[in-house]
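Letters are used for the chains, namely A, B, C, D, E, F and G, taken in the order the chains are written, and counting of residues starts over at 1 for each.
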Amino acid sequence: MQFKFFGIGMLKGLAVTILHIFRRPSTSQYPEQRLNISRRSRGNELIWDREKCTGCATCAKACPQGVIEIVTSTDMADNKYKVETYRVDTGYCIMCGLCVEACPYDALYLGYSFEKAKYRRGEFVQTNDELKESPQRPASGYFHPDIAKKLPKQTLLIEKATEKRK
Amino acid sequence: MIPYQLVWAIMLLPLGAFIVNGLILRLFVNRKSPVYGYVTIGAIGLAAVFSVWALISVATNSEHLIAVPDVNWISIGTFNFHIGIMMDQLSALMVVVVSVVSLMVQIYSLGYMHHDEAGYYRYYTFMSLFTFSMLGLVLADNLLFTFVFWEMVGLCSYLLIGFWFHKPSAANAAKKAFIVTRLGDFGFLAGILILYFNTHTFDIAQLHSLAVAGVLGGSALTWACIGLFGGAIGKSAQFPLHVWLPDAMEGPTPVSALIHSATMVCAGVFLVARTMPMFVFSPEAIRIVAIIGGFTAIFAATMGLVANDIKRVLAYSTISQIGYMMLGLGAAGWAIAAEINSGALMGSGEEIIIIAKAAVAVGMFHLFTHAFFKSLLFMAAGSVNHATGTFDMRQMGGLRKTMPWTYVTFLIGSLSLAGIWPLAGFWSKDEILATAFTSQPVLFWLAMITVFLTAFYMFRAIFMTFHGEYKGGDPAADKKYAHTHESPWVMVAPLVFLALLAIGVGWWNVTGGFSSFMGHEAEAGHGFMAVFNIFTHTVNGVPLPLISLLIALFGIFAAYVIYIKKWITAKSIGKFFGPVYDVVRDKYYFDELYENVIVKIGLMKGLFTGFKLFDEKGVDGAVNGTAAVVVRGGKAIRQAQTGQLQLYGIFIGIGLVIITVCVLIWGM
Amino acid sequence: MNAVSYAAQAVPADWPGGYWWHWLFYTVVIIVFVLVMVMGAIYIERRGMGRMQLRYGPNRTGPFGLLQPVADALKVLLKENIVPNVADKIVHWLAPVIAFTPVLLIFAVIPFQNGALLTDLNIGILFIVAVSSISTVGVFMAGWGSGNKYSLLGAMRNVAAVVSYEIPMVLAIIGVVIFTGSLSTGAIVDAQDIPFILVQPLGFLIFFIAASAEINRSPFDLMEADSELTAGFHTEYSGMKFAMFYLVEYAEAIAMSAIITTIFLSGWRGPWLPPWLWFIIKTIIVFFVMVWTRATLPRVRIDQLMALAWKFLFPAAVINLFVSAIEVLVWPDISQWIFVGVNIAVAVIAIGVGTKMFKPGWGKVAV
Amino acid sequence: MTTTQEISLQTEPFVLNMGPLHPSTHGVYRMRVTLDGEVVLDIEPMFGYLHRGIEKLMEERTYTGCIPLTDRLDYASAMGNNLAYCVAVEKLAKIRVPERGEYIRVITAEMIRIANHCLAVGSMLNDAGALGTPFFYLWNEREKLYDLFEMLCGQRVLHNYIRIGGVSQDLPDEFLPALEKFVPQLHKFINEFEFFLKQNEILIARAQGVGVLPKDVALNCGISGPLARASGIKRDLRKDDPYSVYDRFEFDIPTAENGDCYDRYRVRMEEMKQSLHIIDQAIKKVPGGPFRAKVPQIIRPPAGEAYGHIEGPKGELGFYLVSDNSIAPYRCHIRSTSFINLTALRQMVKGWKIADLIVIFGSIDITMGEVDR
Amino acid sequence: MTTALSAKEIVSKLSAEFPDAVKEAGADSVLVKSASLPAVTEYLKTADGLKFDYINYITAIDYYDYFEVVYMMTSTEYNRSVTLKTRCETRNRPTVPSLAGIYQGADWQEREVYDLMGITFKGHPNMKRVFLWEGFDGHPLRKDWNK
Amino acid sequence: MGQAAAFWIMAVVIVGAALAVVFLRNVFRAALLLILCFIGVAGIYITLSADFLAAVQILVYVGAISVLIILAVMMTRGGMQTGNPSNKLRIPAVIVGAALLGILIYAVTTSTWSISMQEPLTDTTAPLATQLFSENGYILPVLIGATLLLAAILGAIVITRENPGNKENKK
Amino acid sequence: MIGLTHYLVLSAVLFCIGLYGALTRRNAVIILMCIELMLNAVNITLVAFSSYIVPQLLTGQVFAIFVMVVAAAEVAVGLAIILAIFRHYKDIDIDNINLLKW
């Protein structure tokens, strides 16, 4: 260690650290202090809209993990597919959002929530109505700009940081 | 009255500059930065102020002494060793000379070393160290310390002569200077040791009183004094150890101005002066001083006549002038020694010491004046070199017009050196002549011839350098020096200052002020008119000052005739004195003598071969014989060795038990 | 003349209830002081470093997270005690104890207030240095006894560092002792009309650095360098024994802060506030400086650590000692304020020159 | 500091098993280190603890379905992996990306470069023993960037944002203003950070002259990225082989001469500045229009092969794709930067101390996910 | 722009130097005989005007009938790249000469290919598995693995 | 009483630790017990009211010498495997040791010591300094001791430094 | 009451233990440790004499300090030699290092 700068380099460092004591910490106190997550958040629930779904299985093909399983029966009356079972093993889901992206009928949404833990592996497998949207299971704005507009604005650390400087 | 701490400061300030420059500043500052110079100049300037103060204090003090408490350095058993300072007239004078000249040289060097590739750093570091050592040398109150500083100035001289060590000539000159002065130093050391074994002291004051009291005397004193004078011969480049000084001119010119003209080379004179109370009790030694001094004076002057290198001219002149000083010391001492021998000098020990100390006034006064004008001359030569790039006088000429300041100062220095009234040299030289005249007429005539020679070669130098046509400077530098110009003010200012001193310092002794300062009884007041009365002054009925002045003027005239008017050309003289000229030009073959005869034949073939034979036959034979006996014995005994240390331990333990038992049984 | 009566000489005679009460009282005081201060230190360090790193630090347990050290202690005490199979069991067991004892012993000679200390030994400072070198034994017992190569490396580093840093540390102390003329801590505090940090700035710096190195504080925490040796000598410790080491670490830091306070910051002396409070405040400030450097500086390497000790601190300490000795010898009766200026200048020059000349040596070796 | 000393006190060499779980091996990486005291005599890297067979998995997925897998390669710079893969597929299927898409790609790629360098520098300093402080400062900035990524694509780390032929979604409205706020703030931060550490003697002592990677060795080992640039190889695919629209931006390639750890740190800091410069220009120039070409969800590129590479944050990141005209790649080889950059580690650390080993390793900046694949 | 050196150009140079090394020249790749691969590479690395001093990647493709080993080199001096290919026809212990002596960067990449594809590189100093443990059954990137 | 108790405790500790140093098979533990023995000796010094010496004992022996020994033990791990075997000289050594011990004890107990009645000095630091450094003290031995230490350091460095010319025993 | 004799006997015991160890052990480090024991025994004697016979003079303590100096020097050189031997032979068994033989 050559003291090229007579130790002034170290003193500079000390000055910086001591000054940081007087700055506001950027940590947020999680359970009490909740930040708004992104409007496009790819949260850990998949939401399926039974009404819009036609059972075309594009989502199942798009899913890289192959976690979507659709069983359809032909409804002769309307000459449409009728979705018998729509089953997603969310334990294997990687929240890539490709299914939402692929769905030609906007019948799939990613969840907005992020605190959904399960106690048993079996509970990860969700079928039909378990996948529906509900107040407990809000939909994310991922690939759905109309929903995104309604969601609260994301809290950004950078905005906090630049505000404070004023 | 100067506080004694400041006396220490005189010596320690340059040391401080050395430490600051050498150890601290180099880390932060580029080696070419002038900051080194400022530090050195500041320190030495302050030292110079203190020195002058000290001189005034000593002069106004009734005891002519400043008491400085000792510092205890080593105390081993009964051997106590003190570091002390002796601040009497001699030291005060030398301190002023050293610090003032050194200050001027340092200022001058700022300009002179400006373009040097080596930069200021090394130069000023060495210079500070040198100044410190020189001040220490003159201030030391015991011979051991004198010797330590003596060697330190030798070292600095070595370093500074070899400052441009990449030049082989400089490196060789440095080595030569170091080795040759070492020869003298052996004598010095031997002298110190003789003194110590006889008196168990190094303290100079004690040695003086012991010498006066007769405790120290006889052959021991004589050999000690001769030893000391040997050191002085080496350091002051006296015959026969003069060969190193002309070569030492390879160093930078300010170094020559400081070390090789004003201070270090005068250390020999100082040493003799310092120990004069011992010398006066040894008539043989003091006679040697006087004779060698007188002989060197004329001997070196002849060589100065033919040298073409301006610095070498000055170097020979220096040797010659130091011979003068030695002559002055020796002559005065000889007289006192004779008085003591004959019993004419009566008085207590104290009084004899004072008289002996006062006897050095003549020599020291010349040292004092010489220091100023000789360093002036060197620096002016350096200034010339600065303008022309060479030291060869045959390449110069006509510089009078372009370098008026240098010319005038050089002229003043030369006149002073030649002993022209009323400049400083006149007064000091006159004293020496007078002393020699009264005591040793032979030496007086040698000195008189020297006066002529001195005036001649100095004005030869002036005429060749400053008059006539400019011949183009350094031929190797490719017209770089085609146009000369005056040196910068940092170089001129010291010249002017020294020139003023070269004019004025001689007047101190016109009314005997210097003599009384050195301890002579004050003469009756002559008043300032004594400056003019000098022409009517006679010694033993002879108007000595007038004669010497005329001789000097004749020397100048001779030079004028030969080198300006060219009525007689130098060539024709050379032809006329052909063989003599050759001998003189080749410096009396001293270099060859040393190199070929003493070193090659004497040492290598004779002594070393003898050593070798002794080593091979005597020493080796004894060693091998012993070894053979031991080997045979060991072969027999080694069977008992198992190599296991612990077995030996057991034996030791058994032995311990047996011894303890024995002690218990029989010991009580 | 026996040991006890000898020790009794060192305590004030007018203590009510006699000499045993004195021992009992101060033993309790020291243990309580160390434990409380360690908890405070842990809290200060975690909060302080947190704030320097844009975090809050622990703030959940109790008001402002003040009970966090207690919670940690509780947690760590309840944890399983794991002893590796290859460990030297006895050595492994004894190591934390041996490391902890000397730290408590140090406080025996630290004056909390005028005369308020367990015993004012007349070799006080030497006692501190001697005793603090014992805790090294604990560290390398831990390193060796664990039978883990990381631990062994950490222990070897510690041994090397302690042997080296003791020398500049002692030399720095001697600079102070020269001024006071006594090794007793009480006398040292008494002598500090000017805090010795001003009279001995270089000595303070050397002592601070050497002390940080000796107690493994960053940037010299090579013995437990977590990015290199996972946790150094206490890699294999858990539960109670780990808690002991944790305690030792902070107790040593507190002890060093207290020593620095005593030697260089005029101990308990100070205006207005009660002396013991001054002592605690100064100790905490010194400790905070340690935290501060820890939060800022990267760790040095072992060879740089050694080079720093031998090539920088050692010469600097010698210079400091030399200058101090000259000052005391030559001007024994002069006001110390003059030395303040001189010594600060010496310190600046020594640091300037030293830093320029200091070369840490070789980094790479040919293999 | 860089002079080499003969080893003077030799003791028995002993073998230290570093990792797979060690505080500073950046994942599950293992080195068998032969030590003589503190001096590293030799190391033998061992990895594969994170091998997930991504190359094999990709042979089973559609071209689009492979994109989430690339996120998991170098999880510290997922966006760069997305981009490299998409560039390769576009080269294979000869798809042109609309202007806006290209600009968005450039912005995100540079953002991820900054984020990655924040992590790289921070963890290197952490390995050097700076106990978190610089790490936290840099991490704070990285969090701000991740906020922006979250706004863009809904996740912070595994972005899965770039698609074949463009990007998955257009920029949200509040994105560009936030980014505009971020750029000057980061500039300010970088200046402060330089003040904090650039002259720190201990850092210089620990990093300067340590782990020198000479230029020729670097080239021979196929080292790329900041590591190579710190050794004096002025090679940057953004200039040398411009993909996307990098040829429209002005920026420098920061290089250094010595190739030691300190230079790598310096190069990364300078690159962050250059990236900010690019982002600045891109924000001003983002055109309107479509952000994604019309590409079907499931594509069948013509049979053939293509190698697409980008200058990832860690260096040259390439995907070598072979197509047999089916919906899945026939073979996909990932030229993973970290894996190849690790090649030189053994040469760099020999003869240094064990503490230097950690710093050198940190200065290479690897992610085990990319090494093991 | 790193221009791929056109195969024709390189083939002409190579066939002048090594008459029977080149088997086939694709649009931007050159297929060389595996036996002459080291010589060709050495030539490409050192020859004037080529100086392919930087190896981008080494990989192998399983075409059932044969394995194709692909090398891509870049010349940092001229900013050009070239893709070399070589084939080994056997599925049982396929062998290709190693380039580890020429490019240090080839060392681990060849080990990787060996590990995952099962192609042995002759002359490699340390032909061991890289990612998978010793004793792993088969080479996973082969198309017939685990079927 | 206090002194007696302290003496006996220390004596038992010292002798026990010393025996353990000699007879333990584990070199590392032997080194640790050596430290214990040194600390015991420091305790003995305190009972003899040599407080300065006790501190120096701990500082030098515990802080430096035993630490060095342990460092050497760690560095020579190869030698550690063999433990602490004995050589063939056990019986002669026992005889010599016992004889020496007997004679010493006999000598010590039978001698009459001219025990002074003065109290020992308690603050020994300053008197020791005076003894060591004053003019009539032991300044020369101190200097010689310093020279010895310097020589020892230089010797240690020279010995442990690998001979640069001797390369063949290097890996 | 504890007298001078006690200390001297303790010292003698310690010395003889050290002597026995130094004579019988084969590990060079242990031998060095035993030598340290012997030196300590000597120190105890010196300090005891100092304390009991010339209590005001401290001469024995001074000598004890010199013994410590010598011990420190001895350990430094001794360990250096042991390390050098170890490096050369990979062994510190004194019995195998009998270079002193012839």
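The rule is short, and it goes like this: a residue touches a chain if its C-beta (ideal position, glycine included) is under 8 Å from a C-beta of that chain, and two chains touch if they have at least 3 such contacts.
Values in this document were obtained by computation on a predicted structure and should not be read as measured data.
For the pair chain A and chain D, chains touching both partners: C. The greatest centre-to-centre distance from chain D, using averaged C-alpha positions, is reached by B. Of all chain pairs, the one linked by the most C-beta contacts is F-G. Most remote chain with respect to chain A, judged by CA-atom centres, is B.
The geometric centre of chain E is 70 Å away from that of chain G, both derived from CA atoms.
Note: centroid distance chain C to chain F, computed from Cα atoms, is 27 Å. For this pair, chain C with chain E, the centres built from the Cα atoms lie 62 Å apart.
Chain E has its Cα centroid 25 Å from the Cα centroid of chain D. Residues of chain C in contact with at least two other chains: 52-55, 156, 295-297, 300, 304, 352, 356, 359-360, 367. Of all residues in chain A, those touching 2 or more other chains are 1-3, 7, 10, 13, 16-17, 20, 26, listed in ascending order.
Chain contacts: chain D has residues 1, 6-12, 14, 37, 41, 133, 137, 140, 200, 202-203, 205-206 touching two or more partner chains. Here chain C touches chain D in the complex through residues 49, 52-55, 149-150, 153, 156-157, 218-219, 221-222, 225-230, 294-304, 359-367, going by the rule given at the top.
Interface residues of chain E, counted against chain D in their complex, comprise 1-2, 53-57, 59, 61-62, 70, 72, 76, 79, 83, 103-109, 112, 116, 129-133, 140-141. Considering their complex, residues 638, 641-646, 649-650, 653 of chain B touch chain G.
Those residues of chain F whose C-beta lies close enough to touch chain C in the complex are 1-4, 6, 26, 28-29, 32, 35, 39, 43, 46-47, 49, 51-52, 55-56, 58-59, 62-64, 66-68, 70-71, 74, 119-120, 122-123, 125, 171.
Considering their complex, residues 349, 352-353, 356-357 of chain C touch chain B.
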